[in-house]
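After this come two complexes, each holding subunit A, first together with subunit B and then together with subunit C.
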Partner chain A sequence: MYLLPCHPFAQEVCEFAKMALRELSSLEKALGLKKPNKYSTQGDNKQVPVLQSNSGPALSGLVTIATHLVKQANRADLLGESAEHRAVVQQWLEYRVTKVDGCQKEEIKPILKDLNSYLEDKVYLAGNQFTLADTLMYYGVHHIIMDQSVQDKETYVNVTRWFDHVQHYPGVRHHLHPVVILKNRLYTSSHH
Partner chain B sequence: MAAGTLYSYPENWRAFKAQIAAQYSGARLKVASSAPAFTFGQTNRTPAFLSNFPLGKVPAFQGDDGFCLFESNAIAHYLSNEALRGSSPQSQAQVIQWVSFADSEIIPPASVWVFPTLGIMQYNKQATEQAKEEVKKVLSVLNQHLNTRTFLVGDRVSLADISVACSMLWLYRQVLEPAFRQPYPNVTRWFQTCVNQPQFKAVLGEVKLCEKMAQFDPKKFADMQPKKDTPPKKEKAAKEMSKPQEKKEKKKEEKKAAPVEEEMDECEAALAAEPKTKDPFAHLPKSPFVLDEFKRKYSNEDTLTVAVPYFWEHFDKEGYSIWYGEYKYPQELTMTFMSCNLIMGMFQRLDKLRKNGFASVILFGGNNESSISGIWIFRGQDLAFTLSDDWQIDYESYSWRKLDPDSEETKTMVKEYFAWEGDFKHVGKPFNQGKCFK
Partner chain C sequence: MTKDGVQGVAEEADQAQSKKGLKKQQKEAEKAAKKAEKQAKLTTDQQSTDDDDIAKDRYGVAPMVQSSERLDRVLVRVQELTPEKADQLIWVRARIHTSRAKGKQCFLVLRQQQFNVQALVAVGERASKQMVKFAANITKESIVDVEGVVRKVEQKIESCTQQDVELHVDRIFVISQAEPRLPLQLEDCVRPEGEGDEDGRATVNQDTRLDNRVIDLRTTTSQAIFRLQSGVCQLFRDTLINKGFVEIQTPKIISAASEGGANVFTVSYFKTSAYLAQSPQLYKQMCICADFDKVFCVGPVFRAEDSNTHRHLTEFVGLDIELAFNYHYHEVIESITDTMVQIFKGLRDKFQTEIQTVGKQFPSEPFKFLEPTLRLEFMEGVAMLREAGVEMGDEEDLSTPNEKLLGRLVKEKYDTDFYVLDKYPLAVRPFYTMPDPNDNKYSNSYDMFMRGEEILSGAQRIHDAQLLTERAMHHNIDLEKIKAYIDSFRFGAPPHGGGGIGLERVCMLYLGLHNVRQTSMFPRDPKRLTP
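And then the complex of A and B:
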């Protein structure tokens, strides 16, 4: 794996590209792929990861590449068990790149609110199994959760619970720091 | 890796715990729950079985190496792997904590609430209401715990989840309707996730959550009562199942857990072993008197010249009995049409008795000064009403006298009541109208 040097004016965007590359590398490990793939980035302002492959055209974009890796590892189950769940997985992958990536500070709250109510009656994002949606969403919101106060974590308790579950899921965390999650509530008066 | 055979009856939630644990650990488990390998009620009473499992209860496990275990939690523990049992002393203890919680906090109230809805236990309003409260308590404890946790212990499914989820299977299937479970979203999320894991699904199949709270069904309960081919011991146990237990419960609440659990095995056994329909008269020998034939004569031919003579000619006093029933509260009878409704209502509630019974019941007198009495013919020598819970609604409002089929008095009464005419000397009121149960 090698990284293209970043354009100095696109410092911030470049951070996302780097993040995406780290993510893909972690995903490869999580999937048990032995031979790391070669990546680059492309685009002027919007840096997107590109997978160089020997057989066939280059693949670009986080979701496309991640989906490809999952298939390469023969783990199609991570894309959803049923047609319905596969669609939900795709929905959250799209949500991740369109809403979560590059979100502004004021957009964080609505995202967490969304996720929190969605996860109230769910353990995983799609269906009853762990999927690629959980992995990529976990990578995507990690920096948000890292910055949260204990009180925030309690406010969005369903997100917090889901996050904690995913970060303990075997082989997922890799390049990211573990976030300490309290199981006992401090602010008991806040909504559940 | 453990390998062996699990003896059980089909659909036994206690056995499910061991089966699911084996799904996770990969233990090779054969389940013997049907003939010829295992017949519940027979195989478990054989000396060979009892020498391995002195209680004669299931589930029971026998390893391929001869290692024997009873008690479902021990079996499930044995068939687990380290991930299910807990990897640290703390998590192992937590697993035991939740397994015990399932047995001592969930199962007793769940049984009191759910069994009547399945027709395997008599309903008692007070006991059921109290059980509901206890279930609410359990749910709120779980809801609180699962607010910040995905599974009960640690970050993955453990034996704790298997045990607690299995102990809540019937609750979620039968009675926890959406409105009731609404305040406990974390519990339902966790439960749904558990039962939808492939390892659970392989054993449980699709688990459909209750949409409408099941209620006690007296008909089902009557149908579930044992019939003649049931061993006498069990019949007795099943009959005693309801009333003494409820009494016990009222008297000593705190000691309730043990008896309920004991009863439950019998209940579950009854649930698994009993066929669906029961004939309460099945224990009686065949009778030469064909009641239906008499009813045909009575309906189609003249009563005094054909039906009554036919009756006495063919009546089998060993196989049938004749009863005189009189309404105990004539002073409460007002309008005659209401009194007729009373009679017809009773007939309707006795619907299933028609095959083995016949009656002619007469309303005497007019508005506000009437009485009701009738002649009843039943299969057997006892008052038939006690044979089914369905039949016990009305009969206590009547005084019952068994008639001697050979006496003149009986001959007269049968003639008069069947024909709806005569002196009715013992009544002292004029004939108003008659109703026939046939």
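And then the complex of A and C:
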């Protein structure tokens, strides 16, 4: 229902579209939406997901559509309970699609460092409340965390703690493999 | 230009030249005159000061020691300069580690291997100004004979190993002078990594050290490392001799590659070629078949592996064990692990000074081991890795990162840096490994690890000529090339097994160092053949 014929030269980029559509599908399940939506893609190399709605203009973009789904499911709390929280949620949603998506190998470390220092004193991205930002960020960094060595997971200890929390949050993990996170530290001393 | 014109120019040029020449000569003459004047002044100065030099017989550069006379003089070791010797007049031979002049005094640090002591030359009844100046100008690393009185100090001298005394110098003679410009500074050699960066002071990189190994080996850290290494060899020998083993010597020039054709050095051997032994494997086993029952050997091993890693050398010292057993190869594992434990205990009990000295430059966690040694089965190890998220097959060999991760998991679970992994898959072991009697996917073979890195690979060997032939054929090995090896099992061979460790790697891992070149005196790798 979501996959449309892709131009053969745009195969790699079609992966982005596929990933986005899978995320939206998982999000629908997480939100308890009974009727799955029909998506298409547009834009250069057809990488932007689009939702044609019966009432109103088409919505395009992962964050836009996800926000719409949340409202559709009457879960506006997942966007933040105060004005400040809402702003923070939007900020991290943007971070996800602008910085995390399509990042190069050398950009991974700075992203992890950013997240790690930010999450040092917060349970979730918006503070003490689980929001859409956590879900989409979890989808976005999953491939990075999957490939991390045990030692790296211990280095970015706050990211790891947050990730393990979110992947076990009821209803969140659908299309992604669970990542094994060890309970005990293996790399204790600073020297290795 | 006319001919005349040319000539004229030439003449002028000549004249100009001779004028120039004259000027030059004049200048040089002036220079020479000045120099002579200076020299004359110096010598007269010298003479005048010589006459006033009350100490002139008590210092200087001694004539080269050519064994012209045998002095009956006792030289005390720096290590023995303690408050017990206070007020004694003694002689010491040591190196000048540092010298610092301060007005009428000169502070020297005299170094002898791992120990150093402060010495003081001060203008007074016994020492003159010229003597203090002489002492301050002795180049670093020069070897000196010093006579002095041992004096107790009120405040501990933190920078020296002998903290409670200093030597008040009466006489000082240079026995062997060092050139003033050293290729590297010893203080820089022992500076811990990271500390140098903060203060802007240098540490010396490994290649520079290895290029100037003679000086690098003088540092306290190097002295400690190689004393400990000597200890490992001695403990290995002593433990095995006490267990009734016989030390054997095996040939290193051999006719066929013992471990496989790829990583072997070829040498020309008269009209033909020969190889440098990759391990004493064949000969250890032949000795067992020759009824020596329990043997070990210590000798060089040559691997032509083009690996530039932290843990590979092309030549290293192998400590190999082979023994016949009664009914089960676990008897062999127990013998080997017990030997290793005796070595660890011996190092822990008798080489603490060396371990601490190395630790100052290269801090690490003390080495931990269990008694009896922890033995896990290969499949248990695989299970632990899978639990930690690693995906691997049942018969897959452990990659180096997986070995290291497993080492960490074992350390976390059992609190040991040393363990055995038993029952490796048969597919990844050499052809002479005895298969497991109950499951032919596995074998009676084992690896041992220190701090997550492999130090020993061993097994029960096939002692039946027929089975050996089958396994060799299965591995597509040319039977002609190993005929002599197979023949040794045809006339009655006891069941046996063994293993070998690398001396340098064991020392490196015991001390928690990170490069095997630090524990090899004159390391050999694909890029290094000297010193």
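Here is the rule we go by: the second predicted complex is superposed on the first by the 186 of 192 C-alpha atoms of A that agree within 3 Å, B and C clash if a C-alpha of one lies under 4 Å from a C-alpha of the other, contacts with A are read in each partner's own complex, and residues count from 1 in each chain.
To be clear about the criterion, a contact is a pair of C-beta atoms (placed from the backbone, for glycine too) under 8 Å apart; a residue touches a chain by one contact, two chains touch by 3 or more.
Nothing here was measured: the structure is a model prediction, and the numbers come from that model.
Participant: Have a look at subunit B and subunit C on subunit A after the superposition and call it: clash or fit.
Facilitator: Verdict on subunit A: subunit B and subunit C fit.
Participant: For A:L33, decide between first (touching subunit B), second (touching subunit C), both and neither.
Facilitator: neither
Participant: Tell me which partner A:Y169 touches in the superposition: subunit B (first), subunit C (second), both or neither.
Facilitator: Touch status of A:Y169: first partner only.
Participant: Of subunit B and subunit C, which one touches more of subunit A's residues?
Facilitator: In the superposed model, B touches more residues of subunit A.
Participant: Who does A:C103 touch here: subunit B (first), subunit C (second), both, or neither?
Facilitator: Touch status of A:C103: no partner.
Participant: Give me the angle at the C-alpha centre of subunit A between the C-alpha centres of subunit B and subunit C, rounded to the nearest 10 degrees.
Facilitator: 80
Participant: Kindly classify A:V123 by the partners it touches after superposition: subunit B alone (first), subunit C alone (second), both, or neither?
Facilitator: first
Participant: By the touch definition at the top of the document, which applies to A:A73: first (subunit B), second (subunit C), both, or neither?
Facilitator: After superposing on A, A:A73 lies clear of both subunit B and subunit C.
Participant: Is A:V63 contacted by the first partner subunit B, the second partner subunit C, both or neither?
Facilitator: neither
Participant: Nearest CA pair across subunit B and subunit C in the overlay: distance in Å?
Facilitator: So the smallest C-alpha gap separating subunit B from subunit C comes to 15 Å.
Participant: Can you give me the overlap between the subunit B contact set and the subunit C contact set on subunit A?
Facilitator: Common interface on subunit A, subunit B vs subunit C: 182, 184-185.
Participant: Considering the complex alone, what residue numbers of subunit A touch subunit C?
Facilitator: Touching subunit C: residues 149-150, 179-180, 182, 184-187, 189, 191 of subunit A.
Participant: Flag every residue of subunit C that touches subunit A in the complex, lowest number first.
Facilitator: Touching subunit A: residues 363-365, 387-389, 401, 405, 408-409, 411-412, 512 of subunit C.
Participant: In the complex, go through subunit B and note every residue touching subunit A.
Facilitator: That would be residues 147-150, 155-156, 185, 188-190, 192-193, 196-198 of subunit B.
Participant: Along subunit A, where are the residues that touch subunit B in the complex?
Facilitator: Residue positions touching the partner: 120-124, 127-129, 157, 160-162, 164-165, 168-169, 181-185, 192.
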